[in-house]
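Shared chain: subunit A. Partners: subunit B in the first complex, subunit C in the second.
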Partner chain A sequence: METVTLTIKSQPGLFLEADSITPDAFAGKKAEEIVDLPVYVGREQFRLGDFFEVSGRAGATPAETKIVVNGDLSRVKYIGMKMTAGEIVANSNADMYVGAWMQGGKITVNGNVDAFAGTGMKGGEIAIKGNAGNYLGAAYRGDWRGMAGGKISVGGNAGSDLGTFMNGGEIVVGGDVDVHVATHAEGGKIVIKGNAKSRLGGQMVEGEIYVFGNIDTMMPGFAYRQDVDVDVDGIKGRFALYEGDLGERHRKRKGQAIYARLYQRINA
Partner chain B sequence: MTRTVTDVICPFCGTLCDDLEVVVSDDGKDLLEVYNACAIGAEKFLHSQAKDRITRPRMRQEDGSWKEISYDEAVNYTARMLADAKKPLMYGWSSTNCEAQSVGAEIGEAVGAVMDNTATVCHGTSLIAVQDIGIPSCTLGEVKNRADRVLFWGCNPAHAHPRHMSRYSIFPRGFFTGKGHTGRKVIVVDPRPTDTASLADIHLQVEQGHDYELLDALRVAFRGEKLPDFVGGIPKAKIYEVAETLKSGRFAIIFFGMGVTQSIGKNHNIDIAIAVTRDLNEYTKAAIMPMRGHYNVTGSGQVWGWQFGFPFAVDLSRGFARYNPGETTSNDLLRRDEVDAVFVLGSDPGAHFPFSSVKKIYDLPSVVIDPHETPTSEVCKVHVPVAFVGVEIGGCAYRMDNVPIETRKVVDAPEGMMTDEEFLTRVLARVKELKGV
Partner chain C sequence: MAEFLIKNGFVFDPVLGIKGDVADVAIKDGKIVETSALRSPKVIDATGKTVMAGGVDIHAHVAGPKVNIGRNFRPEDKLFNCTAGHGIERMQGGFSVPTTIRTGYNYAHMGYTTVMEAAMPPLYARHTHEEMRDTPILDQGAYPVFGNNWFVLEYLKNHEIENTAAYIAWLLRATKGYAVKVVNPGGTEAWGWGLNCENVHDPVPYFDITPAQIIKGLIEANEYLGLPHSMHMHANNLGTPGNYTTTLDSFKLSEGIKPNSKFGRAQVMHHTHVQFHSYGGEGFNFESKAPEIMDYVNTHDNITIDLGCVTLDETTTMTADGPFEHHLTELNHLKWANADVELETGSGVVPFVYSANNKANAIQWCIGLELGLLAKDPMRVFLTTDHPNAGPFIRYPRIMKWLMSQEARDQQFDAFKHKDKVIEATNLAGMDRELSLYEIAQMTRAGPAKALGLSHMYGGLAPGLDGDVAVYDFNPNEPYAPDDIEKAFLNAKHLFKSGVQVISDHEIASNGNKRTLWVNARANENPQVMRDIKEKFLRYYTVTLNNYEVTGHYLRNPHVIEVDATQ
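Entry: the complex of A and B
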């Protein structure tokens, strides 16, 4: 695997839209070609090289390309958008849309990300060492097909609207989450190792939520069923199983409605 | 002598009352009296007659004082500001006619602006919900003639839309509602005992921030499933009772306002309220409608929906329309320093935005187009007064139920004043000159 290293040398006056920072755009290019890729500040187009020092060279295909981005990226949007393969390591906080509509490969962010990371994600892996903003792994506005596959892991906390309209894949949050988890979800798995606030699984059709800590307010549409032993993300424990959202539509199998499941760890 | 103009449209709130009578002087220059309007609507008409009204554009001087400038200078300043910016914000658009909104959209496209209207701090969340799951709605005429179950959720029309209840929702006698208010069951959901709540048959005093849970509980109740003992502070027996009341009606209408669109959960509250309406349609006829505030905020969503495909928060900076509330909404843009110029027309962010956003407007190149002196004109660099739409110039406006109504001119604007549309048309021409297109 070949590595391209980007180091930010000047900060944009507003925000930098850098949807060209992907292994797909870099593949088969030398550093002097990569600097010519387009980036945008507002309505003006610039070259990637206007904002980044570029060194190294890309592999022949996206899968053989690794991109390391250094420097303060807190005003850079769209890192790894729509990438299909390869790897990106961002050694800083990053702004919105990290790995949005991602299909494959891996993104590691050694810092926090702002909102909309993993929007409409189909595959691949996003590892965020710090905190994530709102709408992590959620659907794009108006789309009823949210995250369909892949895995997102967050070391710290995540914001609100986690996994809205989720259909598949997995999100693991090491810390706490804000309101609205898996709203409208029809599949997928969300693991929250810290505490949750309220509105977990509202309008949820199918899928699973695991909460290790407290839940401030349980949705009235979730009914307690029984205590079960669960092995989740390598941790075994006894969980209270709730099913819901009883107010939402559910498909049936052999005459039985299939509900979304919410597991809350029972503190021994 | 005076003459009376009848069937005048009121350009204040989204109810867009169309039965006002306005007395004007014979020469059509002075507006003397307003009949049938609510106190707020009447004041809007009478305010156009204020003796201390600003009638010429003004530019802020270094010492903070205003200097009168010509409309030509104002056009030039505005066009230059928009053409020079990398990503200008063009905000407001709700208190003007659709004709002006359309010209504004052309300017936005030419300069790569972010176009946002007052829905951004109002019913924008409703629009997100509509986009997510659709909306079963109706017109206010249907409400008047058919509705026998009226639910007000997080809104207080007694103060915000004063004639709504008498014209459409509670009191009028319609074709199938001949008994007026005695034939209607009124339910109000509000954490506070409002004046609207005092008219209700049932007032659910939900704990603040638990609307989503209560709406979910209604859905559970419709399906006959078991509920916890209390949801949002409301006992389950009451929730089953309300569910039964709604199901037993011939036509249920849900009106909702800021209490749910701008409290925690935002679009999700509306999303689930729409789901409640959809569920109700399995038992009876039901519809839901946002209580839109500004008289033509609905029209601005219509115009942009038609031109760009999105009703608010439209980012045109890259030459194609992008829309993502949370990123392309005015307060997020201002808070994050994502825009470098601010143009305001037909709204007052100075009064309605968080102070931190208003401060950003103050720090940026900024122009406000408004007939009034407002908190926004206090923080902008240039203030361009214009004629009152619906008083001094007509034009199309959309009522809260998306019915277009042509507003009427009843009196002349002061000598030499421009309208919104005239000013914007001049700015557009100047922008094209500057850009060489």
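Entry: the complex of A and C
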């Protein structure tokens, strides 16, 4: 694996749209070619090299390419968008759409990310060491195709509208989450190790939510079924199982309706 | 105004009967002229290229409230699909519900110059006209919907043709409309009660009238006025297996009625998107009844149809057929918009993904093409997708490819997941007909222009017609692959609209001088109808008459077709 190191040298006046920071765009290129990749500020097009020092070289393929991004990235959007393989390490906070529509590879953010990280993600892994903003692993606005595969882990808290229209894959949040979890979801698994507020699983058809802490208000469309022993993300415990959203359509398997499942840990 | 001489192209023109001969086309002062009338023309070398009149689309949903609902509730339709403005080209976006700007440009790139908006809710005519005004290049008109309108239901219940005609004339003038559109007659009104009208004899609740009475009455009123276009119909029971009998029953309501029009059309009923109305069988055993439908169409001169071909794309369905859109959202569980338009109509919008892996969608694809290939008279059968319902209009060149090439159809069959079952339920695999470019010109130019009553302006290259001419990078006399057809007709090399070069060497060269066509039918004074209109506005409408009519700045460049229906 070859490594390209980007270090931000000037901050954009507005926000920098840098969907070219991916192993796919870098693969097969030398530093002096990478600096010419396009980035946008508003409607103006610039070169990546206008904002970043670039050193090292990319591998022959995306899978053989690692990108390390240093400096304050809190105004840089779309890092790792649509990447299919390889690795990105961002050593800072990053702005919106980190790893959006990602298909493979790994992104590590050693900081916080703003909204829409992992939008429409199909595969690969995003590890966020800090907090995540709203709409983590959700669908693009208006779309019904949310996260379909891969894994997102968040060390800290996540915002609202986590996993909207999620269809597959896994999201693990180490801390707390804001309102609206797995709205309209038809699959996938969300693990919340801290507390949740309200509106979990609204219009959820299938999939799983695990909450280790408190839930302020349970949706009326979820019904308590029974207590069960669960082994989730390496932690064993006894959970109360709820099924819902009872107001939604549900497909049947062998005559039995399949519901979305919400597990809440029972404090021993 | 500039003069152009388009030299040495292979010309296909049903109006002049030219079938690919090398000929020159001359344009002067916005019109086609004899080549001898030119003094110092700009010469366009069309050697080795195909030359046709500008395309005419008789049925598409491109402007108005439901199109805009589609745009608003589908931001994902524009995702990664927008281009910034450059030169004279303005910013554009969208695929199945493109912006007005892209609508104009994309039609122009396909060589189309006239596009009719197929369903205008009268109450929202101002919105529809605002969008048409913002659509560059194209000449456009819009069809107000009448089939669920309270005035019409009340008059036709008692077969009051003269009153219906007076109301139609008033509404066409108020909305600056072009033709009489009917969508699921009675069924959309029934939807207000959570019901539908599933066949032509299924009564409309409260109004106690049948779809058959509405259809026949509107045909008669249309002929009473002698409008340029015929009554334009989307029958009951769209999209339901077994519905072809309803379609045939609807066709038969035109029997014995002769056209009364000075505008050269021969039909009294145009039935739109017939693909959606040609289904046999039941439930999952749904099958093509295109041969039965085309047997009828081929033997009845007073009917025209358009295809409504499924293109196997992700698209946005939208129709004044409110109950049908509810049926669709129950089927695919995607988002749904539903609207009721006071005394006039309703509508629904649902995104839809037509997939080659879905047996039903593949059968629908076959049916649309079967209708086209079974057509004995391509002057009465027009190429459409009911844009965007069965597919976006930008796929017309792909449909041309499928109609013109059995090899292209075989390639698509091979891509179907349920190929054998699809072949079993349809007839397309056994058809070896390949349409000629002349027949394509009939289906996309001369035919629709004639059916619209606009053959004095559009659809051909005869001197006196509008200077609407497309030049395509396609040499019909050299070997070509099926995909070459699509590529060429998607990207006209040159396009002239009303004598202005709007595309030069594949690039937009002018935003044109688009016109809005509307029909001013002058009927006898009818105090009763005027009284009824005033009363209904006072009692029921949320707006006053003063805020209803389309006037002034809503119509920047109107072109009025005058009809004298006084007697």
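By our rule, the second predicted complex is superposed on the first by the 268 of 268 C-alpha atoms of A that agree within 3 Å, B and C clash if a C-alpha of one lies under 4 Å from a C-alpha of the other, contacts with A are read in each partner's own complex, and residues count from 1 in each chain.
Here is the rule we go by: a residue touches a chain if its C-beta (ideal position, glycine included) is under 8 Å from a C-beta of that chain, and two chains touch if they have at least 3 such contacts.
All figures in this text were calculated on a predicted structure; none of them were measured in a lab.
Once the complexes are laid over each other on subunit A, subunit B and subunit C cannot both fit and instead clash.
The larger set of touched subunit A residues comes from B, when the choice is between subunit B and subunit C.
Touch criterion met: A:Arg43 reaches subunit B and subunit C at once.
Of the two partner chains placed by superposition, subunit B and subunit C are both touched by A:Trp144.
Overlaying the two complexes on chain A leaves one subunit C stretch of 222-230, 330-338 or 384-392 clashing with subunit B, which is 330-338. Shared contact residues of subunit A with subunit B and subunit C: 43, 140-142, 144.
Subunit A makes touch with subunit C in their complex at residues 43, 140-144, 249. Residue ranges of subunit B in contact with subunit A, taken from their complex: 85-87, 111-112, 128, 131-133, 210, 212-213, 216-220, 222-223, 225-228, 231, 264-265, 268, 271-272, 275, 279, 317-319, 323-327, 336-340.
By the touch criterion given at the top, residues 73-77, 79, 84, 333-335, 351 of subunit C touch subunit A in their complex.
Those residues of subunit A that touch subunit B in the complex are listed here as 13-15, 17, 40-44, 96, 115-116, 134-135, 140-142, 144, 165, 179-180, 183-184, 198-199, 202-203, 217-221, 223, 245-248.
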